[in-house]
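Each chain gets a letter, A, B, C and D, in the order it is written, and its residues are counted from 1.
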C-alpha cells in the first residue's frame, strides 16, 4: 500500500475492505512522503520492520527484490491524485497489479498513458469507485441490461455533499483540505474530479451507456481556484439524455449520492444512504422495493448475490461495497495467475478504462464551462 | 367560473378549494365551448338555470347585467391556456376580479398586456400556483427571509411527472391530452408551460430571488411538437445559482415536486408528496423536521399558521394548498371592497406579475434551447 | 349541527368535510351549552338568525316545526361525549338521521340502547371514525377480503399521540382538556375512549374480523382519574391475534396511527401520516407501494376509487377521509329517501353498530385492567 | 472458534467482525459435531492443519497444550444453544476468555451457573447482542443517561421477522431450522430465545432500566412445539412501562428491530434498517435526526464516536456493530492482561450478566404465558 497512513480516512477503508474481501493481508507499505512517518505508520499498522518502507520507490525496490512467493501481490495506491500516475506506472513497470484511488490521474492524457502501460504490462488494474460495488447497484445494472425498464430515456444522477461547509476557515486547512484545493495536486477540477467522477461512473455502470457529450455549468462558492459545485446536461449513447449534479457545498448534506434511471417502461431509483433498497416504479403497477439479501434479488442478479454477505434486514454498507470491488479485483488476479480468463462476475470492477473515461469526463466538464457552456465531447 | 366542466380534474379542485376557503359559492358559469354542454354542466353543478350560461361571453354579459349585489364576485378561468388571455382581458374590462389557471397565457407578450390591463382596471388578479399555498412552503419562505439559512447559494428544484408515460398511444387522445400537445392551444412549450412554471415559481417564492438568466436543455421523448422534458441552469439575483428539472416522461413518478435550497449556513428541503414536513439541515447540528400544525411553526411563520386548518398529525394536502390561495385572493378582494389595503398575509398569493415571470421563464427556456443552449435573460 | 362551535377543532372539520362531500350545507345548529354563545356562533357561521338556536332542544323543536322540504336533513353531533346519548336519542325520536362523533356514548349500555333506538326509528346513523374513510384503508380492506394476504394471523395496530405532553400544567386547562379528563363527561376511559376506539375500529374494518377477547394493561402518566396510555393483547375471530397500543403521552408524536396486518402469504402496512400509500410485503417478492389515485388501485378497489378526488401525486388528507365518510352517509340517506337499498359502496361508513363495538371494547379494556389483567370478552 | 463452519451465517459474521475489530485472527477452531467436517472446514478457513480440530474438546486440549504466547487468546462459541453451556464452562475452566452467541444457555439455571463459573475464573465473557454495538444505540443510551428525554415513562420495542414465513414446508428443514424448532436444543422458547432476548437487551441497554416484571402472550403459528411469536407488557425500574413484540412469522418483514423510548420531555426512535440515524422528538421543537459520524454525535457520546469507522453519509451496518462488540471485548481482555481496569468505553459490551438477564426474561415470558398470562418477576 502506498499512502493512506494512520489518520487517513480512505486508507483505513482500503485495509478494512481488503481484509473483509478475504485472503488479503497488508504485508508492505509506504504511508507518507516523509520517510520517518512512512516507516512509523507501517510499524503501527503491524508491518514487519523491513517492509515498512520509507518511500514508495523503496517499497517497489524492496518488494521486487523478494523471492516470487514472498512479495506483495498487488499495490493499493491511496495517495493524493498528483502521485497516482507516477506510482501506478512504476508499479506496472515493476510487474505489480494495481488498485488505485480515484481520480485516476490529474489529466486525461496521463490516464491514456496509464491505460497504454497497463495494456503493455498485462497487469490487473483496479480503480476504486466503491459505489458500483453495492449489490443493489449491480442489480440495477442487471435489470437495465435485461430490458426491465425498456429503452433508457433519461438519467438523473446527483451527488450532493456538504463537506466544504463544515470547514472552519478561521483555522489552517488540514493537509487533505489543502491538496483537494490545489490544482497542482488535484488537477484541473475540485468537485468534479473528487465526486463528479463517481456520479458519472455510476450512471455509465448502471445503464451500460456512455456519456458522449456534455454541457456543464461549474461554480466556486468557497475559497480556492477549483470548482466546488457543478452540473451538466448529458448525452448518452442511443439517444438517452441525462443531468448530473455534484456539489461539495450542499450545506448539511452528508453523502446521499443517488440515481434515477427512467426507461420507456419503468424507472429505477437508488440512493447510497439506503443502499440495501432499489426501487422500481411503473406507470401501471405499484412501485417495488427490492431488498438486498432476498432470494428474488439473487435470482435476478448473480452479481448482486455474489456481492451479498448478510441476509436481508442486516444492513450492509460502504465497507462491504469497497470489499466487493477488492474481491473481484483479487479474483481476477487469481484467475490470471491460474492462467484462466476471469468470469464476468470476477471482472466486474472499475479499472483503468473507467479511469480514462473519468478523466475525459472531468476535462470535458472543465472545458465546457471554460468555453462558455458549450457542448463538448467526452 | 369559465371552463372546468363536469369531468375536468382541475375545475373540480377549484370548486372544492374555493368552498373550503370559506365564503365562496359557485353562482354562475360557462363550462364548455359547446353551448349545450356548457349549460348542462352548469345545471349539473347546481346552478340556477339562468346562470348556467352557454358561453363565457354570455356569462360576462349576463352577470354584468345583474344588480351589483347579485352578480358573481369574481371569475375563475379554468379553460385550456389559449383562451386565458382573451377571457381574462374581457373579465377585467367588465370589472370582474379574476383567478386564472396557469400558464397565464401562451406568450409573454400576452402576459405583459394582461398585466397592463389588470393595472388599469385595478382588479384583483390571482394565478393558480397551488404549491406556494402549502403551509410549509410559506414557512420555508419565511425562514429564508429571516436569514435562517444564511445567504442562499444554490437552489435545486425538480418536478418529475410520469403522466405522458401513462398514455395509451394506440387510443385516441383525450381532449386534455390533445390541447396539451397542440402549440396553438398550449403555446410554445409543453412541459415547461405546464409544470416547469410551477417549479420556477416555487423557487422564486421560497427564496425571494428572481431568475435572471438561464441556459436550458429541452427534450421531446413522446410524439408531438412540444417539449415533454427539460432542464436548466439558473442564475438568480445576488449570485445564487440553481438547477431546474421538469419532466412529463419521468416514468413511474406521480408528482413529487421538490426543492432544495442550500444557504451558506443551513439548507432546506421540501417535497410535495410529504407536504406537512420541512427539513432544515446544518453542517453542525442534527437535521430538523418541522411539522405543520406545531406551535413552533406558528411562531416562526404567521403565514404558515394562517394556512393551517388541522392540528399536527392530521394530514393536509393539495386541496388545502389550493384553498389557501383562494382564501388570500378572496380576502384581498374583501379588503379592497372595504377600501383598505390588504395585509401582507392576505396578499400572499401569485398574481398577474408572477404570470408574466412565468411566461418569460417559458419563453427563455424555449429560446435558450432553440438557439443552441445559450444563456438567455428572463 | 350540535356542538362544535367557533374555535372547536372537530366541528370545523365536520363542516369542511360535509361541504367537500358535496350537496351538504349547514342550515341550522346549536353550538354551545350557553344559549347566547350558541346563537352567536350560529350567526358567525352564516346561519339564518332563526336557525341559530340557543340549545339543541330548541333546534330539534324548531327544525321539526318546519315544513318537510325545509328542515335540516340530518344532525351532526359534535358535543363532548356525555351529551351524545341524549341528543342522538332525541334526534332519532324526532325523525332525524344522525352523524355522531366518537366515542358514541359513555357506556356500552347506552350504546346498546341507542342501537335499539336507531333500529326502531329506521334512521340512518353514522359514527365518525374518519380513518376508515381513507382510500388506502378501503383498498387494504378489499385486498384482505380478496385473500391477497392469505389467512390473517396477526394484527398490530398502534395509535401514539403526544398531545398530553404538550399541556402546560401550570395554566388552567382548556374546556376540551377538562372534559377529556372528567369521567362524568368522558366516561370510564380517557385514552381508550378517545383514540383506542379508532385503533380497534381500524383493525376490525381492515380485516373484517371482530375482536372477541382482550387482555389489557392501562396506565396513567399524567394527572387525572382516567387512563392516558394502554395496550392490549387481542383475540380476533378465526384464530387471528393482535396487539393494540394507544397513548396520549407518546412524547413528541403527532398522530401517526398505523396498522400492520400479517397474513400467511403477505402483509400490509398503512400509516396515517403517509395516507396515500399502502405497502404490501411478501417473503418472496419485492415490497409493493400502492399509490392512491392509480389505475391499479381503482381496479382492485372500487371503494378506494370512489373515495379518491385527486390524481396520484396530489396529496389528500384528513378532511377528505372525513368527507368520504360524510358522502357515503349522505348517499345512504338519499338512497333511503329514494326508497332503494343503498349499495355496498354507499353504506360503507361506521354506524351505531360500530359504536356499540367501540364501547364494548372500551369497557373490556377497563375491565381487564381493573380485574388484574385478565382476559375479557368484547 | 467453535461452531460456525462453512455455510453458517453467523459464524462468518463473527470472523468478519473480529477481523474488522482489529488485531484478531482466526488461529484455531472446531466447526462441526462431525470430526471430519470440523477439520475440513478449518482447513477451508485457512487454519494450520494441526489447529483445525476434530472437536471442541480436542481444541481445548490442543490449545491448552501450546505454549502461553502461541495459544488462542479467546474462544468464540457459535454452536446451537444446547452446547453453549458445556463448551463455555469448559473454556472458562481451561482459562480461556469467551465470546458466546445468544441465547447464552437453554435455561436461566445454566446461565446462573455460568455466571458463577465466569466470576470464579475471572475470565472475560462476552455475549453477542450485536444491536447494542451500533453507534447510534450507544448515543441513545448516553442521551437517556444524560437526562435528554427526562424521566423515562414508556418503552416500545418491536422485533418483527418474517423468516419462518420463508420456509418451504414441503421440503426437509435445514439443520438450523431444525434446531431452532427443537426444545432440547433451543430451550424452552423459540422466538423469544432467538430474537426476543435481543429486544429485551436493547430496551435495558438504552434506558439503563431493568425489566422487573412482565405479562406475556405467546403464540405458535407454524409447526413445532416452540413459540414463533409473542408480546409482553413490561414493568421496568422507576415506574417505567413498556411493550415488547417479537415475531418470526411477521410475513414479509426482513429484520426491522426498532425501539421507541418516551420520556417526560422528549422521545427517541431508532430502527435497525436505518441504523445510522437516531430521531429525537419533542412536543415543542422540530424532530431531530442525528447522523452517525457527525461532530455533534461525537461530542454527545464518546462511545458512539469510538464505535464509528466512517464519516457521516458512508453507511455502516451490521458487521460494524458486531465488530464494535468484539473490539470492546478484546480491549477488555488486553486491559486485563496489562493488569489495568478496562475503561467504561472498553467494558461496554454485553456479557454473562446480560446472558442471565436474557434467560430470566425468556423463562418469565414462557412462565407468564403458561400460567394464563399472569405477572411474573424477571
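As a convention for this text, a contact is a pair of C-beta atoms (placed from the backbone, for glycine too) under 8 Å apart; a residue touches a chain by one contact, two chains touch by 3 or more.
It should be emphasised that the depicted structure is a prediction, and the values quoted were computed from it without experimental measurement.
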I need the rotation angle between the copies subunit B and subunit D from a CA superposition, between 0 and 180°, in steps of 5. 180
Please state whether the interface between subunit A and subunit B is built from the same residues or different ones, using more than half shared residue numbers as the mark of same. same
Intercentroid distance (Cα basis), subunit D paired with subunit B, Å: 55
Separation of mean Cα positions, subunit B and subunit A [Å, integer]: 43
Centre to centre, by mean C-alpha position, how many angstrom separate subunit A and subunit D? 35
Give the residues of subunit D touching no fewer than two other chains, as numbers and ranges. 166, 253, 280, 284, 287, 291, 294-295
Quick one: label the inter-chain contact graph as line, ring, star, complete or other. complete
Hey, which residues of subunit A end up touching subunit B in the complex? 149, 153-154, 156, 158, 160, 162, 165-166, 215, 217, 219, 221, 229, 231, 233, 241, 243, 245, 247, 249-253, 260, 262-267, 280-284, 287, 373-375
Please output the residues of subunit C touching subunit B within their complex, sorted ascending. 9, 12-13, 16, 19-20, 23, 46, 161, 166, 253-256, 272-276, 291, 293-295, 309-320
Spell out the part of subunit D that touches subunit B in their complex, as residue ranges. 280, 284-291, 294-296
